[in-house]
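Chain IDs A, B, C and D follow the sequence of writing; residue 1 opens each chain.
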Amino acid sequence: MDNAATNNQETFVLNVGPQHPATHGVLRLKLTLDGEYVVRAEPVLGYIHRMHEKMGENRTWAQFMPNTGRMDYLSALSYNHGYAAAVERAMGITVPERAEYLRVITVELNRISSHLVWFGAYLLDLGGFTPLLYAFDDREKILNLLESVTGSRLTYCYFRFGGVYNDIDENFVDGVKEFIKTMRRSLPMYHNLVSKNIILLKRLKDIGPISRETIRKYGATGPVARGSGVDYDVRKNEPYSVYPEFDFEVPVYHEGDSMARYMVRMDEIEQSMRIIEQALDKLPAGPVMAAKTPRIIKPPKGDYYQAVEAARGSFGVRIVSDGTNTAYRLKLRSPSFSNLSLFSAVSEGMLLADALALLGSLDLVIPEIDR
Amino acid sequence: MDSELIRVIAFLVGIIAFAALNAAYLVWLERKGAAHIQRRIGPKEVGPFGLLQPMVDGIKLMTKQILIPDGVDPVLFRLAPILAMVPAIMSFVTIPFSETLVARNINVGLLMIFAFASVNVLALLLGGWASNNKYAVISAARAVSQNIAYEIPMLITVITMVMITGTLNLNEIVAQQPNISQWYIFRFSASPLMPVAFLIFFICSLAETNRAPFDLGEAESELVAGFHTEYSSMGFGLFFMGEYANIVIGCSLAVVLFLGGWQDPFGLYPGVWWFLLKLYLLIFTVIWIRWTFPRTQFYGLLNLSWKILIPVSMFNLLLTAGFLKVF
Amino acid sequence: MRNMDFTKLKEQLRPLAILEDVVVGEPPEEDTGSEARVAPEPEKLAAMHEPDYLARGFNLDVRVEAGKVVEAAGILDEHGFFLEAVTGVDWPQEGQLEVVYDYCLWQPQCRVVVRTRLDRQSPVVPTISTICPGANWHERETHDFFGIEFSGHPDLRPLLLPDDADFHPLLKDFKAHG
Amino acid sequence: MGAYFKEIFTGFWSLLVGMSITIREMTKPVVTEQYPYEASVMTSRFRGHIELVPNEEGGNKCIVCGMCMRSCPSACITVEGEKREGIKGKALTRYRLDFTRCSLCGMCVESCRPGAIRFSKDYNLAGTKKAAYIFDLLKRLEEQNK
């Protein structure tokens, strides 16, 4: 028991996790509670720490690619993208346009599937079971599409330096269009079933408000930041790939509560669909791999940084190269790490149930925090 | 005298069988209902449509070891599951399934049911407290305050009903509702708020039985399994059966008080089938609600009771009193 | 830097930067074109570079003494930057450990890298968690991986490694198995 | 006061809307796949563990260059070959795949110039021992030919 707890008879320590339904993985929260009120919350990390950064130093640049998909298993393609773009930046490789379009299409599909999992799992946190199954039904369609292109369903390893692994098949474009049609029907259903539900509104409105300043001080990004009125999206603010060619909005809500973060993600599903539609319409013909990609990747000496907007926020890759075929140093900046770090500051004084609602609204993927 | 003894024994066996069978098959219904709402199939392997699944589950539960963790209160820990089941079975005694199919037609039947229903919360409290588990204690505290909050509007509504019916005998209450226009839910001459009163009663019985969306006691995403976290085997099984038995009691009461019990809506063929039909429709609604909504937050739950249900049921009480006086 | 003039920021950061020897006439490795022209002393230049954003991915690269990281963090915080990450790089040949702070601005786009080199034997650097609370975990992680001591840090227990970890896996002399 | 009643009514209405949605979904057909009884066909690009591609005579196309071994991030491939009369290069004698460590990234398939390996469509492997997942792909190919 904690010292604070033994000294004060009114408080006790509740261990939430590492095996607990609310933590979605092996995260542990050491909560000091006064009744049901959180006095102090301390997340304990590292239960699935695998030292990806050291692995990066021990294998060739190309061999590290599968690792990126295993950090955030829900939006693996964004992580593929971040790493591929960082090495391409270091090598000065120009990616063919078709390949960039395919990257954007698959990444955005992946983002939708990630948000759908979050939506279902979050409702599960809040005690609603059925939306999970509906969301997984829709997500299944995305997984089928991505499987037909990438060959795997979750831990994709689709991107290569200079392009993508292989071109789409003939059914993909129609399949995606069909999916967008069904998703456009599903979204209003989700809003009627869940977003407008009085019980959900009561549970999320004004719960876990995060101020703009807290967001900045803790370096939170992604939907968590955008739910607090921060108009920051790497796709817009630091455009990469072919994102500048698309017309899409960055949903921003100013309330900063759990409901705002919820609405940001739901709106992002719609915006991702808009990007996919435009990308499908504009999809250029051509090769999917750069012709001049060197066989052996040896980026010139120096350090390079690349950020991409993953489903959970800004994913950054910092490469330090010494000009050999392995990385000298590979820093993976994962968004959930920063997003979770503000939890203990924000959850103070909240009810247990609200604190867990806040935790869910941060959309954590533990392997990505622990790396 | 002899026939009376046989009657008691027959009803005793019948009631226990009814309670156990209901608990078992409501689990099946719950799983099937949930599955189809979620566009799955649900249990289908054991027997046709998985109908033997409850039996298999029961056998599994009975063959499991009863684990008594360190540091629990051994007596209370064992007592709590029994305490959860017994009052539920006792309450069945006075439920009129049909005009004649009632174990004991007690004059204060309604009162007796509420007396036993309040024992149920004691079982949760003791089970949670005796478990020596923080999740269980939090859950027990939640369950108690929830039950206190919801007992009030429920009893106010029942008092309103008693004022209208003028009796505590359940069979007499049913007899007063021979057809659909006479059902108390539509008896606007007694009070224009009767459907609201039914709704309050129904919501309260959901909360009293710790059913979703008021299942704060077992909020599995927060408290793992709440008060029965440490229970295994039939200890858990009894809590589980107790919960379903309580749902049956709650819905039976709603049927008796508001929906005309065993009476035919058209006054033609009254009988036990009408009672069961109405009962299972209500129970299905309970299941339907559970698989539709997220769980309420604790303050939301208390606010609903203190800020909405209690004032409205009070208003209904006064209104009914006024109507009784005037008409 | 695009879109906006960061001259004030640069003026504030320049005094913090250490002076490094630059051989005149021969362009240094990093693209310091604009700096080289305005710098008063061609041989001793402030180690503040503006690399080509498209090639490097960041806009400003400042190398400071270990004692100045807090001041640098304060200046960047004032300008509205947020801390993306803190990390280390091991340079065993030079006997040094580098600490890298990545800062980023919401709008307009600007990434600033602040770096400092520490002695590999006794790597100590003041904590910036007093200015950016978010640095708390990043510094703990860097302490885990490199053994860098962040003086004044409220809680340097291992974050990602086990509580009893007595090794620092990202040091170059730590050999990974398998 | 007005807001109080409004909230009750809109709240109650939202609950009814939610219930109407779930009951509507209940009448729709089930979407799950009853796995052991029915199984979906793997897409043509599905990545199972790798297998050797048979040539026209049912043999393999491997030239034992070792590129797959070197490209594998997890070092789960071991290729052994020997010099044989009448064959240019080496002939494959053993192709060992340690599937317990494979991450199905496909680096080996990409690096294979003669196109001797490809992804299989095996997705329902099950076993209780680690050794069950250490395959000799050459033997597997020979067994398939029988």
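Methods note: a residue touches a chain if its C-beta (ideal position, glycine included) is under 8 Å from a C-beta of that chain, and two chains touch if they have at least 3 such contacts.
This is a predicted model, so every value here is computed, not measured.
For the interfaces A-D and A-C, the C-beta contact count is higher for A-C. Ranked by separation of Cα centres from chain B, the top chain is C.
Rounded to whole angstrom, the centroid-to-centroid distance between chain B and chain C, based on C-alpha atoms, equals 64 Å.
Here the spacing of chain C and chain D, counted between their Cα centres, is 43 Å.
Mean C-alpha positions place chain A and chain D at a centre distance of 24 Å.
Averaged C-alpha coordinates put the centre of chain A at 26 Å from the centre of chain C. In chain B, the residues that reach two or more other chains under the touch definition are 37-40, 291-293. Counting partner chains per residue, chain D has residues 15, 18, 21-22, 25, 31 touching two or more of them.
Residues of chain A in contact with at least two other chains: 130, 134, 137, 193-194, 197, 199.
Chain pairs that touch one another are A-B, A-C, A-D, B-D. Within the complex, the chain A residues that touch chain B are 12, 14, 20-22, 36, 123-130, 133-134, 137, 193-194, 197, 199-200, 202-203, 207, 351-354, 356-357. Looking at the complex, you find that chain A touches chain D at residues 59, 62-67, 70, 130, 134, 137, 140, 144, 147-152, 155, 157, 165-166, 169, 189, 192-194, 196-199. Contact residues of chain A toward chain C in the complex are 45-46, 49, 51, 53-55, 57-58, 86, 89, 92, 215-220, 230-232, 237-238, 301-307, 314, 316, 318, 320, 328-329, 331, 333, 337-338, 341-342, 345, 370-371.
Those residues of chain B lying in contact with chain D across their complex are 33, 35-41, 288-289, 291-293, 308.
Contact residues of chain D toward chain A in the complex are 7, 10-12, 14-15, 17-18, 21-22, 25, 31, 43-47, 71-73, 103-107, 110, 119.
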